[in-house]
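I have a structure I would like to understand better, so I am pasting it below and will then ask my questions one at a time.
Read from first to last, the chains carry the letters A, B, C and D; within each, the first residue is number 1.
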């Protein structure tokens, strides 16, 4: 991996100061030059053909050429500063509301119009999403490139507005080309192949729902996997097991959201998960009136990471952590029995007390579900017996419950005061810890 | 029709200066208050329900209540001026590219985020398009309201990007609910009923294509009607006649675009026509390889309007105009014969010399097709024998040809120098006029 | 109209006895010759092309040529009598079950295999249905032609098996080409145009369901129109009126089947109506749980025809009939008031006592619904104020109720004993009549 | 495996002679009794529910219960012999054409009407196809059961008429549940999993087409796999190889039909293959105008079987066969080189001279393609290096060419005289053999 940040500095310097004429034989300059031509072409006669050319060129670029391309966009396709200054001066002379609004529209970076034009091409949206994936990968905290990303993320927030998404149930009637993307994108509990996939979408007591956008018809944006059960599960293995008997969905009382995966790296930060969960709750309630409980079976991805940040722990907890870190899988029942109580308390402390630098819960899954209005219902020890699960959280998993009557209230309390609504059993564990 | 502009002034005054508390019992304040609540709700737990409520409330408002609502949005949902000032100051201290970009994002009016949130509701896009139709109808050149419209038109340019549209051929297999909208929206040559519609979509030598957006699945955005013929037509009656024999499309040499209609008043200024015509040309070429000529049969909607602006005409032309204005329909063959030559010259002069205040051709249809890269091919006298056609243009119609080899060149010449590319016969007519 | 039966005799004579060689220059012989060639072609290499040719030829034939064609099929494409005799002899020698079965398969007319082969062509089914329509129209009780029709009706019973049909709701999203067939095929209460159609399919309290067959995708086979109401209607006008307010379907208690139309003359005798009504009842119950009553609003098409057959009527009824036949529309309220009681009794007598020659009810609509298991619920006087309605039944209409709990029992009683289950009010009327 | 034929005799005896009353407690009798009830129910009020019950019961039966059920159908649901005798007598008295036809319809076994009624149930067709699969498996040459099968096969010929089938290209957009059936049904060259399947349907130079029937929407009836190549292939490995580069289909000259599989055992004898191949040829010609050669890469499944029937071979051939049977895979190049010429001649002799008892070619694949009008183009030695391929035919495969100009002629010659049209090179080989 080259040192991108030095390279970026370097490139920006060259691009900005040496000027584009000297670089005109470079491939990437050609792409940028074509972009210039596209924007200067005030009409639309051949803009589609030119846009297609630009996108076709782009995908053939090497990473370093892409970086040069992005740098050129960031610098040469920025704000028209004269227009900006003029609009500002007008407003200063006469501070009217519509003159302030005018500043916004006068200061739109040209790159934004460029991206809109590129999107006109059939398949353009997909290439722009891939372009942002590249940009996020390559930008390395460079202020100019991150500022360019604002253009793309602004457009994507607009284009991938929830009103334009459609929910679809993924099942065994779904085209193979979408199913294989589900296999590929599952990020929480790896799908091991078509047989495993079939168990997750084609069993009577399993559901998988995804959001799609009309411009990316074969690309799921995000999906959630649901198990219909008679009880809140205590281990992920009980859900993923290959040799279970399917439950008659009509007799299920509980819908367990056991995996939620974002699919498009290029849509990072464009949030869909909250909408998806809530719509799935609605779909399931409509289909199966007997469902009473909507709950997650969630990983605790950063418990062990937090421990490595040297939190303020009592002696007993330190000993526990040392024992766990020394343990080998599979754990003996004795070992589990011996450490369960202490581990429960540690988990409660983590979930209720560990904070991120920005102030919310340290745990990102916790942040997501609590922010959606769910509450913390139960801590499950020894719930994920995989090595990965142990490395992340000593095998702990958590149930967050979406109790529709309280979602709004929980959400308000969480946002306003940072209150974490939790069940009494977890409260009790937490109290013991203090 | 009330005097809206006085009313607007009045309302804006009340809204801005009296403050919202005193008006809180008003229905429209309640809608605006709900909008405020929506934006302040930093999470999304109930935002969909609240958004739906706002849209449902909106459609029940009277025109004057809508005006109050728009005024409130324009004033109370504007730019965060402190953030704007701060971003500007940063940039002034250090005039870097990304800091200029930052001003743009810091000055986004809150109304824009509001519209994005409202769009999340199923069916929200349709209501927002209707909302803009109301706004355009009611805004009356008021600067603040026109500035509010910038938000909507900016979003619509993004949402209705050509990459998100799909073209569809409308025919006799199309659902009735879409067909009846075609009847309703045809703006050039009125469709008199289902039988007339059937002649335009279900005959072997007729085609109708429309653009659709996924969020408005039953609403055409724009459509174009095409006749497949063996020659460039000289009258519109030859195309619209109820008792023609259909031509075998395989033996047609010419595709005549004889009507193009924008359907959504709320999408005014979001341009689709150029893309539609070019895609239809491509579709037709793929389907029927024998087609050689792509040409319009276009109205000349503002010839008579231009004559009423007192253009610089010679004595002979004045006499002609007087004779025409005194004539009664149907015109006798003698009358036509007598005035044809002079009328041709007058039409040529109008098409080549009459300019709008902004500099392009006075005729809007001419501006559209020449801007797309078509050229002026032929003037057809006595081509539309309806009263409307006579009132607009003494029955003159024009063929603009889309000659694919020259579209780009024509377009460049037109945009750069305002050159109107025209056939030699029209050039000759024009020369005679001078 | 020529005298077909003489012509048939004549043709059959010529065809059978003169032989086909002498007629080989005739167009219709050519078709039959091609059929012969098709059946003799033991393989399938070009059978599709030849079948298509035969069907294409057929549709261009005149009625008299069609008749010759049918006659040839009936005579020259009949049973292989040697094979039949042989199979019979085998069975006689040894009367085993499988040898009796063997006779059936040995005696299949060659015309049946011919029709199966013709059906292989895309669109073949539609042409065969049209062919049977011709045959039924032209056969005129000729025994040989009616025997040929057995082939087609046998095949159609098999092909149009209910398991192959799909039900579809026809509404305003249905393609225009299907909707216009609904307009054309409505046989009970004429649809006057697209506006009238829209009232029947697009109002919230109206439904229209049809059966389709996969081989005739744009051709409804049969359809039923349903009104959702709060009460059993007493006049057809209350349903068909152009200026009603639609009822919220969720608050409807009653589904009224007010029109049922068979669409394909070529499928006469292949019965779908019973299945359609019962499936619509199921669809409606699933969609609208509040529906309690499923009832028809049916014409009485042959009451006046029956009166003209000189039934055994009392003096009072005779006077009533004379008065009605002398009356002019619209009837005065006085007139209605004066004759209501007597007319009710007459209707009850007709519905319960008038028998067809085969023994069931004289009234075909009554036969249909009682045979399906419905019961006779109510007689509505002055229920159809159109001239047609008066001519058929003095404006009387009848409600037959599909009471799901009793359908099976009613049906059994009707079939076994000819019992007509009826409401007590009609029973009372009937008693008075005797 | 029990001795079915003794069991059948036994059961038939019991069923016919003891009578059904004594067996009424048996499960299978109950099904047959329900069938009796269904047919006696002259109306249709509850026939659907009863039919569903019968089908639901049927699938739960054990094989021996199914056999009893079939036996009962064969015996108790046979021909109405009185009606048959009466129809026969009428015809004998007056041997008219329509009276012979009448015998056919009078002798229809009741089982046929039973199957038609069972088919009305949604999903009924699939169960009936499964039922025939059972019957064929269990009937063991029993005359009565084979006679019952005539009913089903007669109905299936009618229902699965080519006019009701639709062709579909199977590709990576096809639902998984259909794709997994392709994996399961491939009978010629086993598909080893989803990756192998993907190579066969998703590569640019591969196609897979199947016939479907509307009543079995997720069940392919038959499918054919096609490779687009630049030459006629000489080994199957060149087609199935996992690490090939896909050819641009636009530059392919040859379409190779390398596998054709019937999917439904219950449709045995209902022939689709010929139609499928010819329609695929048409589809491919329409899509890819550069395709010139349509040819198979076919197995020779019964060459070794024929050798074991002790055909009349010369000494040299005997030695060759012994050597081959003693050889071990993989064969050395030396071995191949040494035996190639002799093996070619043996293959030519087999293909041109080996006859089945009914007179056509011994080889079933040869019968199929020659019967379709293809000709024998080339013998490929060492073309299939799998053990199975060696066991069947010493690895020999054959190209049959579908040369559209000669299909009809070839087909006629084959059917009329049994002529096997073949290329000159094979003729030469064959001559050497004699």
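Worth pointing out:
Operating definition for what follows: contacts are C-beta pairs under 8 Å (C-beta built on N, C-alpha and C of every residue); 3 or more make two chains touch, one makes a residue touch a chain.
Just so we're clear, the structure is a prediction, and the values are computed from it rather than from any experiment.
Between subunit B and subunit D, the least number of touch steps comes to 2. With centres defined by CA atoms alone, the chain at the far end from subunit B is D. Between B-C and A-B, more C-beta contact pairs join the chains of A-B.
We define each chain's centre as the mean of its Cα atoms; on that basis subunit A and subunit B are separated by 39 Å.
Chain geometry summary: the mean Cα position of subunit B and that of subunit C are 52 Å apart. Across the assembly, subunit C contributes no residue that touches 2 or more other chains.
Listed in rising order, the residues of subunit B touching subunit C in the complex are 172-177, 179, 193-194, 198, 202, 218.
Subunit C meets subunit D in the complex at residues 42-46, 48, 74-75, 78-79, 81, 84, 88, 95-98, 100-105, 107-109, 116, 119-122, 124-125, 143-144, 146-148, 150-151, 154-155, 157-159, 161-164, 214-215, 271, 274-275, 278, 371-373, 407-408, 410-412, 414-415.
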